[in-house]
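Look for chain A in each of the two complexes below; its partner is chain B in the first and chain C in the second.
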Partner chain A sequence: MKKVTIFGLSLSLPLLVWQLLFFAFPLVFLVALSFWVVENYRMVPDFDSVNWTKMFSRGVFWDTYLRTLALAAGASVLVSILAFPCSYGIAFKLSANLRRLAIFLMVIPFFTSYLVRVYSWQIFLSDNGILNAAFGLVGAGPYTMLNTDFGTMTGYLTLCLPLVVLLQVFSLMFVDRTLIEAAHNLRCGRLRTVFLVIIPSARVGIVIAALFCFILTFGDFVSPLYLGGGKPPTLSIMITDTTKAGQQWPRAAVIAIVMIATLLAVAFSAIGYAYRKRA
Partner chain B sequence: MNRNRLIDWGLRAYVVLAFAFVFAPIAASFVFSFNVDRFPSLPLGGFSLRWYEAIAEDPLVWEGLRNTMVVGICASVISTTLGFAAAYTDFRYRFFGKPVYLALALLPPTIPVVIMGLAMLAFLSRVNLSGEIHSVIISHVVMCSPFAMAIIRLRLSQMDPSLEAAAWNLGAGEWRALFHVIVPFARPAILAALFITMAVSFDEFAVAWFVSGLNETLPVRVLGFLQGQVSPRINAIGTIVFLTTMTLVILAQVLLMRRLGRVEEMPRTDEA
Partner chain C sequence: MAETLVVFDDIVKSFGDVIAVDRMSLDIRKGEFLVIMGSSGCGKTTTLRMLAGLDAPTQGEIRLGGHRINELPTWKRDTPMVWQSLALFPFLDVLRNVEFGLKMRGTDKATRRRKAMDWLERLGIAEFARRDISQLSGGQRQRVALARSLVTEPEILLLDEPLSSLDAHLKVRMQAILSGLQKDLGITFVYVTHSQSEAFSMGDRIVIMSRGRIEQIGAPVEIYRTPHNHFVAEFLGSSNIFRGRVVSVDGGLVSIETGRGRFRVTGSGAGTAQEGTSTVFVVGNDRMVLSQDRPADAGNFLEGRVIGEEFIGATVTIHMETGDGQEIRAQKSHGEIAHLNTNVGERIFASWQPESAYVLPGEIDGPP
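Up next, the complex of A and B:
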């Protein structure tokens, strides 16, 4: 019924063209690149599976893959659990004005230099840092916190907590209050109400929040490098090393494609789980 | 109701604790940027502006700042324009393949930045567009326009579509109706989108690091400092970056919130 107009096209096409050209195409190009070969430090277009077989036959690649997967999955669970009481408090225990303020404040760090915040954590966590100085005052420590998985997780928490809290708060705010009151009236205990009524009702938001946490941490190279020490590396660190040190871009492309495939698989199963009908 | 006050207060305390965790690194960066000691720790040394002086004398920092500003302004204007047009497309039209259109428009922030960086570097260097300031602008538009589109789309969803139809019936052409009805209605969201996209671009370090070559932006400079030895100069730069992005994000949020409360009266004010 509607005909295509110049007006419509000139509004709809610019972003489409831009994202096709500079977003979709580079990602597709990455697939082609993974079959190119490097000769005398120069990349040559080719159709050779050498990069794939080289990467897949390396034990260190699989170790790194599993490690990255474990770190991101662990972070998703940990951040979701740590965020939940905070989200619950914001959604149910604050006045409307305070809740708006809390959401307002949580949006800010999401857009505020992650890099500098990670550097700042170095000041807290280093051997002579603020936390160890504080521990020293009560006669404890010093503890090694920098360049450990604890450091990595602190960075992941910094990266993801604001977003996870926001998504959880939004899903908790839309939980039907009459359900909670019904549970109370039926003498369902506080904790049981949380686990049997509130969490199942807010499941979509909670799972999506955990998924975002997984996506962000799986691809992050800053925390594992500057707070976790980078040894052993994660896949993202491997990509930066492989790209920056020399011309092994085709191999970095292999890692990138494996990462995207993993993210797609995780995203689809998480979304499937989130929207699955309750048994 | 079995309300237990102790648990209520415990939860509120936990909320405060979470905010403390989120804002502690920002606060620490601010405090230590004025601390005289080279190796930041407690107790604090004396007050000093030496780290600000150090960065003010660093020509690389000034160049980074200049690049960041150019990239931020260009990326925010282009991505807000593209985002507005796409949001309007989604608001008004239904067409074949729309889910794909929306996916292309909104997906970039979910792709890990290292992968974006590698893909952009490989592609842009193939077409001889890498290593320049415009390479960073191109990539940042890809990453920022979804935010602009989402913000403006939310605002348009509060608008009654019959307003635009009324303008057409009164004889306004499509372009005129767009600029006299839609744009004024979406103005707060357009401004908010400008600020948010500028903040996103201002903070983006990974893709910029891959594609910028020698034209480093300020966050890429910070990354360089991080790879070197400990230096409170990062705190000084960080404080400036924090203040800038926080101002942008706060402005954007205030714009969006203030107008949200006045949805009802908007149609009348925009009629003229």
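Up next, the complex of A and C:
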């Protein structure tokens, strides 16, 4: 067994205690809460599976679940595809100085609150907004963009694109250049090399980037509400709706646990896929 | 004379201000094992990369089979290369690595598989076909890299120091495999290395490069026995080098005055020297004769003290130093020096026959 030193312990202990107090303990409480019951708008500790059976038997719960899953998965794929050409250009085509500048530009969006960025999108996307005004100039539109899935997706892109580009850039920068030369040398053309050599070589980073996008969007509340309109809801909107309707915290806990379980399952299978040896 | 396959015609390659290859011209023959040798930064790898199409020449023309290929991208050439790092694809198994080039050519799956398996069998690694690259030893990876390059039946194979990461024992085995393959296939191998033993054991011809230029091209024995100039002689380290002035030329017999005495040289090439010019001659390490007593013949000998000895297999190289600080090396068998006292500091004489000395043709000056 490895020796535990006081030095190592003093460094790691505060965070361990923090995690225990504010993550592990609330999580256990959340599970317990999901078995409580609500009587006369008041929660009563109990061990009743009624919340689980009620939630799981509702069609609207499953519709919302699948919708949230589809939106998050769609965002992960879309963001990864949109980000890749940009990451590829930054990693392979720019000089070292320009690459640093590009990476800096990708960090700048994080300086502003995500909520502020989403609000500013409303000005662009609304029926009388900037985009529709621009479309009007060329005789097109107006298009309804706010309070649609398009709006939600725009918010998701705002949230994830810079991060995904950064993660992809770092993984692409570590791709062995001689592998690319070797592929060319074996008569693999440039575009084909991207798919047959570069993407498989950078697979871990690309999958992890998409996974981050999934995690961020699956639980996101801001974009689906302020840009997507919240109807039909996503799971996080459903949680707030459930708590407001008759103090149903136990049923909200069921939704939260289902979300955590889904994220864990997706995260583990994604990491498993990323580190699998062969393509 | 064999047909020429590749021509480097007055090639220059510069990277910014750095000139990697400087006006180089070289013919590579069909079916030969050509070794390009030099220390790091001499331009040997750049030369190979230009032939592969991975770097474009700044100036000059490269012709393959008579056609200019300067502008042809590497994926349109048939010049497969084996990298120093091998550059095997870690995300593909052995078989798929070997099949890669065939797949790119659109060969159908069954043919691809058969050809790849044939090569794996030929190189004795068929049992590893389904393994990951990371599960193979260095020597096995080497063979996968070879199979991957040769499976497309090219007429030329480029190798960039492929053996440098192997231990000595494996190196010798791989050298034998490479030589054997090259003879069996009858194709051209262009092999870049900094290792003399690799160059001399495999090469039909050796090109010695330094600072972007070719110093000498020739068969191994030719280069070994008759180095062209001071650089080559020093690079090989197999000869003792003496610089001096030609004092008389009498047919094939040349007298050269050095700071350490006047020496007679009758070896080949000596006759072209001219009186009064400065020149350089060499005496092979193995042509030196050692004795404890002053040699009877008052001709070519030097006196010095032993400064060390070095054992390589059955031979011993005695290092001695003359009074004015020139180091002399003599390579002998154990038997030849058994009667000598070769302790460090002992007085010793090195002598040689006039015909063992060789005037470097690259160091013969014009008339003074």
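To be clear about the criterion, the second predicted complex is superposed on the first by the 261 of 279 C-alpha atoms of A that agree within 3 Å, B and C clash if a C-alpha of one lies under 4 Å from a C-alpha of the other, contacts with A are read in each partner's own complex, and residues count from 1 in each chain.
Keep in mind that, in the parts below, a residue touches a chain if its C-beta (ideal position, glycine included) is under 8 Å from a C-beta of that chain, and two chains touch if they have at least 3 such contacts.
These numbers were taken from a predicted model, which means no experiment stands behind them.
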> Clash or fit: chain B and chain C on chain A?
Replying inline: fit
> When the two structures are overlaid on chain A, which partner does A:81 contact: first (chain B), second (chain C), both, or neither?
Replying inline: neither
> Using only C-alpha centres after the superposition, what angle do chain B and chain C make about chain A, to the nearest 10 degrees?
Replying inline: 90
> Does the superposition put A:197 against chain B (first), chain C (second), both, or neither?
Replying inline: second
>> Under the stated touch criterion, which partner chain does A:44 make contact with: chain B (first), chain C (second), both, or neither?
In response: neither
>> Contact-wise, after the overlay, does A:178 reach chain B, chain C, both or neither (first, second, both, neither)?
In response: second
> Of chain B and chain C, which one touches more residues of chain A?
Replying inline: B
>> Let me test your reading of the model: by the given contact rule, A:134 touches which partner, first (chain B), second (chain C), both or neither?
In response: first
> Does chain B (first) or chain C (second) touch A:264, or do both, or does neither?
Replying inline: neither
> Now for A:102: first (chain B), second (chain C), both, or neither, which partner does it touch?
Replying inline: first
> When the two complexes are placed on top of each other via chain A, what is the minimal CA separation of chain B and chain C in Å?
Replying inline: 5
> Can you list the residues of chain A that meet both chain B and chain C?
Replying inline: 184, 189-190
>> Going by the contact rule set out above, which residues of chain A touch chain C in the complex?
In response: 176, 178-179, 181-190, 192, 197, 200-201, 203, 277-279
> Given the complex with chain A, which residues does chain C contribute to the contact?
Replying inline: 52-54, 73-76, 79-81, 83, 85, 87-93, 100-101, 104-105, 132, 134, 148-149, 152
> For chain A, which residues are in contact with chain B within the complex?
Replying inline: 2, 5, 7-8, 10-12, 14-16, 18-20, 22-27, 29-30, 33, 82-83, 85-86, 88-90, 92-94, 100, 102, 104-109, 111-124, 128-130, 133-134, 157-158, 161-162, 165, 184, 189-190, 215, 218-222, 226, 236, 239-240, 243, 249, 252-253, 256, 259-260, 263, 267
>> Which stretch or stretches of chain B touch chain A in the complex?
In response: 1-2, 4, 7-8, 11-12, 14-15, 17-19, 21-26, 28-29, 32, 39-43, 81-83, 85-86, 88-89, 92-93, 95, 101, 104-105, 107-108, 110-115, 117-124, 126, 138-139, 141-142, 145, 149, 174-175, 178, 196, 199-200, 203, 205-206, 210, 219, 222-223, 226, 230, 234-235, 237-238, 241-242, 245-246, 248-250, 253, 257
